[in-house]
Amino acid sequence: MTRKSAEARLLSRVLRIGLVLVVGGQILWSLRPAPGQAFSQAGEQGRALYEASCSTCHGLQAEGTVNGPSLQGSGSAAVSFMLTSGRMPLAAPGDQPTRQPPKFDDEQIDAIVAYLAEIAPGGPPIPTVDTSQGSLAEGSALFLDNCSGCHSAAGVGDSVGGGQIAPNLMPATATQIGEAARIGPGLMPVFDEDNLSEQDLNSIAAYLHWLRDNGDEGGLQLGRVGAVAEGLVAFVVGLGLLFLVVRLTGSKV
Amino acid sequence: MSRPDRVVAGSFVVAILAAFGLFFVYLRGGQTQLEGALLFLTLGGIGVGLLVWAKRLMPQIVDETQSRHHAPVAEQEQQEAAETVMGGVDELKRRTFLSRLLVGAAGALGLAALFPIRSLGQVPGDTPFFTKWKRGSRLVDVGGNVVTTDTLNVDSFTTVFPEGSVGSADSQAVLIKVEPDLLQLPADRAEGAPEGLVCYSKVCTHAGCPLGLYLAADHELRCPCHQSTFNVLNGAKPVYGPAPRPLPQLLIEVDDDGSLVAKGDFTEPVGPAFWNITDGPP
Amino acid sequence: MISKRLVEGVDDRLDASSFIARNLKKVFPDHWSFMLGELALYSFILLILTGTFLAMFYVASPDQITYRGPYEPLQGRSVSLAYNSVLHLTFEVRAGLVMRQTHHWSALVFMAAIVAHMLRVFFTGAFRKPREMSWLLGVGLVVSGIGAGFTGYSLPDDLLSGVGLRIAYSIAQSIPFVGNWLASVFFGGEFPGTALLPRLLALHIFIIPLAILGLMSAHLAIVWHQTHTQFKGPDRTNETVTGTPVWPKFALKSVGLGFVTFGVLTLLGGLFQINPVWFYGPYVPYSGPSPSQPDWYAGWLEGLLRLWPNWEFTIFGVTIGELFLPAIVVPGIMFTLLAAWPFLEARFSGDRGWHNFAQKPREAPLRSGLGAAAVALMVVLFLAGSNDVLAKYLQIEVDTFNTVLRWSAFVLPVAAGVATFLVCRDLRDRPRSPIARPEAMTVRRTTAGGFEELHEPRAGAAADDEARAP
């Protein structure tokens, strides 16, 4: 080996180590914990997601802006509900939140929920809703008394005025049903533990999930909206078919 | 077999097979959709068979023209008919006094015949003016549980009844909790809405439906039937829809043990108007 | 089965030979639009057949019982015997649900067919002298049909129909002086009262069907006796009727149509769910689901109630409830106008002639325009009655929709009426295009070597001239 190549090898070794140190340092630097907070990967992920997708309207400290309300005290139930049902993030401020495919996966949602629990503590926690504990009979009674006025007798939803539509509940998960009851999203009132207990929520969710696959012994359900759809079918299918028969049977002069 | 022949035969065969199918389905316990479909085939098969038979297998029966037999009625016949009828009437009318008495008797009988309507049921009396709420009636929910100041959170609502009358149609009320400083009630009403808990009749003043919708963020009670909407902050005045009058308020107060009790009956008669609603109870 | 001996035997005893012969040979025009009334007739027959079955199971009692049937969500709930009997029929009686649903679909189609038939009679002027009585009987049938439907769907004592009964009670209450009294007496006290279900049953299975049978029989008897109207055509006159003889062809066609009607209605009854009372639960006075609408034929009234402004006034101490105008006065005016129409038209047109021809709508532009305006108004009212459901599906704000409908209630009838009037008048007065009925033409070769045309009078020219005659 020549003296020159030995020097070259040393230099390249130093450079390589230096490169590793610099790049590694950058990586470590970027992973540094936020000032004043314990280092947690989920927390960082949550913060990053929140700042990227939510803070424009809800503020960096969840204090609210002109475009969106404060999330202080709104509770993990609210965050979870809005994100798991895809209502948030909104495409544009001022849009009506409606159910969409969620923009984040479960892990990301958990991260955002955890992050907001830190910067905006308080409010209803995510309820535990277990449909296997629920009673169908109680659930149907509770649902008819408390919920059917807006969401219809079979939970398919209806217009309620104020620019809003109480949504169809068939796609909702048990947790989402509980979350919505606890937080009262949009125009919906709030149902806390004294109003609807945990067991009540279990029963209501059990009933709504039962409705997904049951109750249509009579045939095609026609949207389960009642007389409006039935009247339309009576004219279009009933009278319509008979009208065709009559046209074919009778003469045209 | 000609084509229409085959269609008719086929229809009747379908009908026969479907009828047997019905028999089979019924024996097996029945199934609504199968029953409907098989009935369609049975009845429709007979029907289509008959229609095609009439329309295509009777070509020799063609349209005919007939007289409608409305000859202008012979003057004489018409005269005779009119005379026969009027003859009898005139004979009765000849006895003016007696026929007038007959009319009187018939009229009196008609009036008397109306009276059994009264037997059908209760007269309203003063019941439309009162409900079962009295001073000191405790508020209970649908399950009979006493309602306290802790029961509701802000933006919550629940249906309440006087204790002992759960499910009462005229006494039903809705209890709502709002932020206390949002209430805009006059002084005498504000006293009956402690801690932001305000209670109104649940019977809509339009057509009597129960007000099942509470739009919490707008503080409005809405009716599912015809969309009457009431502002709960200012005494349930109607803000939209066909309801003409505000909802009667139930003034409540907090008892020593935190439970809610009524201070009396509703401020006005509940429900839609009737002709003497402004008169008050007799 | 039907043998000559049987016919002779009956005829011998009843002395009916001329009656039988004359009536079986009677002819009926068979234009397709004349069959709409039959659809109503056959729907009614199916209503009676299925209704008889239902009556074997229904219990008209408000007394409470604990539900112990197979429908899980209502297990252990306190329900009325009436509601329980309907659930029992639905879930436990073989063919119970198909009978119940067929019955309800038949009611909806019965009313739809009546309306279609009524519109046909109106727009073809078939109510003119001598057929005014048939028209009056028909209006009676419309009103009875609505009554039968309302009492019928209120029988199960479910949450939705119970809310409808509350509205009916309130409407009765709004009548000045006697309203509160009538409502309380008929229901058996303050709402919900104690006496209602058995009375609804008496109305639904006895009083109203009797009225419908009576009105329908008189209606059919008059049509039969006066012979049916027909459209103008070649070789048709006002004094004759052209059509198919009753026996066997017309009867077969009609019975065939009847069976097809039964088939379509049972198809609906088995395949399309209607009035699923198990979702609504038993009636309780403190709950109300949303949306809540009555059956379609009361939808116009629902629309009136939703759109009507909240006017309530007190005159000399008498409060005229807000419901009185839209629910009593306006429908009263509507049905009175409807019933009086033949006489009103005769008076204002001065036409008191005897008419056996059905007109094409274009032949009476003013009537058609007014009819179109009325239909347009009814359409707006039906849309208003469904406003929250429509708003949900169209994703629009329901209160704004109401405002649009209120304007439409004035604008649309005027627009529809004027447009229809102008179109009808134009079609009527415009001469037929020469290519509508081509001339028959003969071309003859002349001996000189050329051709000459021989023009025949246009076929159908006479009919065209007649059609244009007022």
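For clarity, chains are labelled A, B and C in written order, and residue numbers in each chain start from 1.
Keep in mind that, in the parts below, a contact is a pair of C-beta atoms (placed from the backbone, for glycine too) under 8 Å apart; a residue touches a chain by one contact, two chains touch by 3 or more.
Worth saying up front: this structure is predicted, and the values here are computed from it rather than measured.
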| item | value |
| --- | --- |
| Chain occupying the middle, per Cα centroid | B |
| Comparison of B-C and A-B (more C-beta pairs in contact) | B-C |
| Where chain A and chain C are represented by their mean Cα positions, the distance between them in whole Å | 47 |
| Whole-Å gap between the CA centroids of chain A and chain B | 39 |
| Approximate Å spacing (C-alpha centroids) for the pair chain B, chain C | 20 |
| Shared-contact residues (touching 2 or more other chains) in chain B | 32-33, 36, 51, 55, 142, 159, 210-213, 224, 227, 240 |
| For chain C, residues that touch 2 or more chains besides their own | 97, 101, 253, 256-257, 260-261, 264, 268, 270-271, 284, 286-292, 387-388, 398-399 |
| Touching two or more other chains - residue numbers and ranges from chain A | 145, 148-150, 158, 160-161, 217-219, 245, 249 |
| Sites on chain A touched by chain C in the complex | 136-137, 139-141, 144-145, 148-154, 157-161, 163, 165-166, 207, 210, 215-222, 224-235, 237-239, 241-243, 245-247, 249-253 |
| Contacting residues of chain B [partner chain A, same complex] | 32-33, 36, 51, 55, 142, 150-159, 210-218, 220, 222, 224, 227, 229, 240 |
| Contact footprint of chain B on chain A as seen in their complex | 145, 148-150, 158, 160-162, 164, 184, 186-192, 194-195, 217-219, 245, 249 |
| Sites on chain C touched by chain A in the complex | 30-36, 39, 72-77, 90-91, 97, 101, 105, 108-109, 112-113, 116, 159-160, 231, 233, 253, 256-257, 260-261, 264-265, 268, 270-276, 278-281, 284, 286-297, 299, 385-392, 395, 397-399 |
| Touching residues on chain C, where the partner in the complex is chain B | 25-27, 94-95, 97-98, 101-102, 130, 163, 166-167, 169-171, 173-177, 179-181, 183-195, 199, 226-227, 235-236, 239-245, 248-250, 252-253, 255-264, 266-271, 284-292, 302, 305-312, 314, 317-323, 326, 354, 356, 387-388, 398-399, 402 |
